[in-house]
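By letter and in written order, the chains are A, B, C, D, E and F; residue numbering begins at 1 in each of them.
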């Protein structure tokens, strides 16, 4: 099985770390590849950045679609490209935020999310509402560091800060499980879990395992309503391929011939 | 007061009709301009199209920001650029779907939305949940015509079809108010209202009036959490201006000097 | 256009201040008049007071209905006369609490309401639930002053107290926007906004702008379900007119001939 | 124990029937009295009628408060006087709609309410949301007869119509329990239950039993927040007693000496 | 009328105290008996204990069913045997947690539950969600004492601790009413109420009064959906009676001949 | 990795089929074993049956705990033993209903559950509310066959009936994904998916893949609140081991030495 993880920002360091952690947890038969866009922000700090990253993500997806069985969007939060890509493929496209919250729901009553910058708090609140998990989410707390400082700052300091904030979530908000709410926190989960008394869920790994499971189950994205293949319609100054979904029934990207 | 309405698709016919209807309802002192992107789909039929339309919308916004007091995104539904643009300006950015539902809530107990293509049903359900209005929304029904066929098809047939579907919403779903759930339905509202026994709310007009009201009230977008100005961070192969928000306190677009 | 603002309490000072602030924000073509009942409490401190104020409000409404295009009930909260009056007229009847929360929803992720006396906290919580906006409301906080002391106390102290409580809502409850939750706070909004970093919405102005917008849009109260015109039924010791709704289709008060 | 049931409309026939049914189900030691206002509508067909009935209800309450241990408002729905009266007394004031839904929740998974006129459907939906019982309520259906025709029409026809509508609620909406959603349906419950396969709850009886239970438990209305005793404030042209709550701790009406 | 209260744990001291308090509040014509299982935990500290207590509870129920008109499960929380027993009888089976919250909803805007051990907090949160009362519940707080220490510890200390925690619920969580969230707190309610300014509801008494009311109203458990009588199906190594529900229409335990 | 699947009913045919389907989808390194209790009902048709099956399930669990890394409760619905077992082990205990709904949420906007007997409809509604997924669940429909007739009836007929009901869920309820809501439907999923246009999720497989994923991620049940290890307390006539949790930190069953 071949799984493509898309790091939505342009940081190669991020991509390498995500790739390393994903390969460490992949099944023996799973071939993991991690790519990042050539254009866009070095870290996704909000919806504006998400929009700037979109063309580069679409470019990766269109070039690589035929080679992979499933896709993991390594953006913790409801990146609008998750929904957009599901429209143009039968193959599974997994969001890491929803996947990690689902794992957390199997392990405890309530989870808290520890995220990077402060804007992610309201953004993730919106996602939690959308996923229907408000009653299961005890809190979303920020370490008040933008995503890209997770990379550049002292790793020990960053881990300590995540641990401190997670401890508050456990004590004050009654969290039973901690979700690390940023793709940039990948690789820290076990170091943090050692310092806490509760399970710590990494989103990239949760997304990878969900992707593997769904491929093994032989399941694909439903084309019934929200993710139905787009119909033909006029497009201005975009490559012709974008506008020509073919309607063959086989799983495969609809807009490519 | 100067208000820019952004038609998110590339159809000039759409733009002209939106412009006409908005000018008909604007206050005497309001100068309305309607623009559409140069690139992207001819109609926005889902999240994939919304993403394709984004670069063109951003281009319009950046070129015209300084000339206008408020912006109306004439996309019925939660186009991710509404949130993205709010991050980079203090000026109001109004979504027409939320504005029309707010008007409906002042006129009756429950509203139904009549929209164009079938995919808009789940997309608008997500928006209604996000706006918190699930209990006030009796139903979302589609006329099963893609947005761009609203333009090309027989106008009489389209109006009749919207009326028929609205009648079902009133009878079966107990709607007290009908919201026309597509920018492409602008100009039909009074013709439809005559055939029904309930108020019919047009989104473009509702959005325009909300924009005028907020400008008159001297209010601006809150920069406190979700829409805080982005911080400086590395950008790959994007114009330098995108990455350099200035932090001056005056209302004005943060990322332009 | 003629708009009647109803101050539900008997304080003429209140009425004058509401009238002044509303006239300052009205469109050039809008004629605003503000009236208060001749009987009832000097301030509405709860549901008991709301009930005491009802006969006087009905009296104003019946005497003035034919002269105005829309009505604004300047009671922050879900005064039962808002719903009652909507039953007996086709013309719009606007509640200022819902209008101000709607404006707030266009400007930020979450709003907090700062209100006068402590009882308004649970009363406004009920309203927020009814309007469907629980997820958008970060908190409701009281300055622990009854409405009528807003008038009689030192204005500087009152403004300072509102500012202090709003600051707590911003810092502790993560409010992006502040709604002033009492008709008696009209005129303070800009003084408070200057001291805060977020938009401050005044309810009377928000209600007035919503009324103007709805009249300009040519919309009326839906008579479909909740606000249907009452049918003829026996009335004891009440003026005969109360019981005789006429059913003509033109907008106009149903119970008057 | 002495319990006052307040029929909110002016129909003496209603009052007599409510009184009869309540006396049939009262405990041996309970003295039940049922009164109706001298002024107001002959049946309460909506919020406008509720407001017209209010002064007469308040008059009954003030005259009789000292003689009774608890009060039952025999209005199926959230009559605003329930909340208003709770502000001015320590004694229990019971709403029959909430009481009947509570009984239903002990007997099955979901209840449906069968009510009189069509406007009660949205009014009761608002009440169900306020009581928090949306997930437990399968439907609210109307027999499309105004309350006062329950009295004047053929009793056999009315019972048959209620039965027919209840049957639909059971079959189509999956109701496990039927609540009779109108004080005017009192006395029909056993006749209807015989024709159905599910329990049928009468609101007046449920309200009476709840009142008896709360008095026996020695419990009183909480004066902590929503129902706190009103503070002294100016009143225009109302009896002086209305404005002078005494603050003695004993259960007793606060505004009377 | 004969009512059986089932104390789900094996502590005879508990049983005696529950029996005493229930008899003190029963109607003159009500014969109350309280029994506890012969097997299982001495106190129910969670779902594991609830499961261990189940066979003993079933044994009591099957032996005594024919002798009683209604059953009260004196377990504060959603013991799965409440639902299970409702399947096999037409007679009412009352849960004390739901009953006490219902009483609280008639007395104030929001209630808080003060419970024994810490695990009951998430367990009762689940129950509150299931009963639909999340918006009416201000908080659930634990005194951090397991149920069985309520019995063995100093009564004065336990009462003081409950009072302290209830005071926090009133001050910090804005509770209007306190529910004592453990069958083991029966008999403390009036002592605690004296020290507080709000009503205190005991669950055993609330459950008993609800059982009496429902029997007097002639109502029975709905057999329509959730509590329908089980159909015949194979059973392994269980007494034959368990598998043979009779389908006679009379109220009576279905599985006994 | 060793995973124990517990079939909660006593049917060996069921156990064999579950075992076969699980082994077909297990990872190469996963050793799957499926066991059923020696006592209890031949199929679990409601909460009463769930309670009858509990002692047998506990017996299996206690005997086999040390040999397995994770446990899957093959009961579609919220069997109370899922929560009970999580209290007494650090190892993951997976519910198949929640796991299958989580997979469905990654593949479409809304899922419907097709279940066996009619009682499962309200039972699964309760579960969906508890899991927080009400907004994601379009409907729960029953084929009106008790679980054990899935086994004994004609397989072709059963498959056809499930397909028919699923088709209704897709057309009328707008389901994007179908969840097979009964452990007894295991092995039918691909046959049904071929006849439908949407993905069909089998709960046993979803539960198995979630168990494998969580074990590979090195995660365990949180012992923080709901699933904390029970404290020592008196037990009547139960094996001594039941009452003696040891508190060692290693993953392992807490109550066994």
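Here is the rule we use: a residue touches a chain if its C-beta (ideal position, glycine included) is under 8 Å from a C-beta of that chain, and two chains touch if they have at least 3 such contacts.
Values in this document were obtained by computation on a predicted structure and should not be read as measured data.
Chemist: Counting contact pairs by residue number and requiring over half to coincide, which of A-B, B-D or A-F is equivalent to C-D?
Modeler: Comparing each option in A-B, B-D or A-F with C-D, the repeat is A-B.
Chemist: Any idea how many Å lie between the Cα centroids of subunit E and subunit F?
Modeler: 28
Chemist: When the centre of a chain is set as the mean of its C-alpha atoms, what distance in Å lies between subunit A and subunit D?
Modeler: 52
Chemist: Round to the nearest whole Å and give the separation of the Cα centres of subunit A and subunit C.
Modeler: 44
Chemist: Counting only residues that touch at least 2 other chains, which ones in subunit B make the list?
Modeler: Residues 109-110, 121-122, 126, 129, 134-135, 174, 225-226 of subunit B touch two or more partner chains.
Chemist: Per the touch rule above, enumerate the chain pairs that touch, sorted by label.
Modeler: A-B, A-C, A-E, A-F, B-C, B-D, B-F, C-D, C-E, D-E, D-F, E-F
Chemist: So in the complex, the part of subunit F that touches subunit E is made up of which residues?
Modeler: Answer in residue numbers: 10-11, 37-43, 45-52, 54-56, 58, 80-81, 83-85, 87-88, 117-119, 121-123, 126, 129-130, 146, 148, 225-226, 228, 230-231, 233-238, 242-243.
Chemist: Show which residues of subunit E lie in contact with subunit C when the two form their complex.
Modeler: For subunit E paired with subunit C, touching residues are 109-110, 135, 174.
Chemist: For subunit B, which residues are in contact with subunit F within the complex?
Modeler: 121-122, 125-126, 129, 134
Chemist: Which stretch or stretches of subunit E touch subunit D in the complex?
Modeler: 25, 27-29, 92, 94-95, 98-99, 102-103, 105-110, 131-136, 170, 174-177, 190, 197-199, 201-202, 205-206, 209-210, 212-214, 216-227
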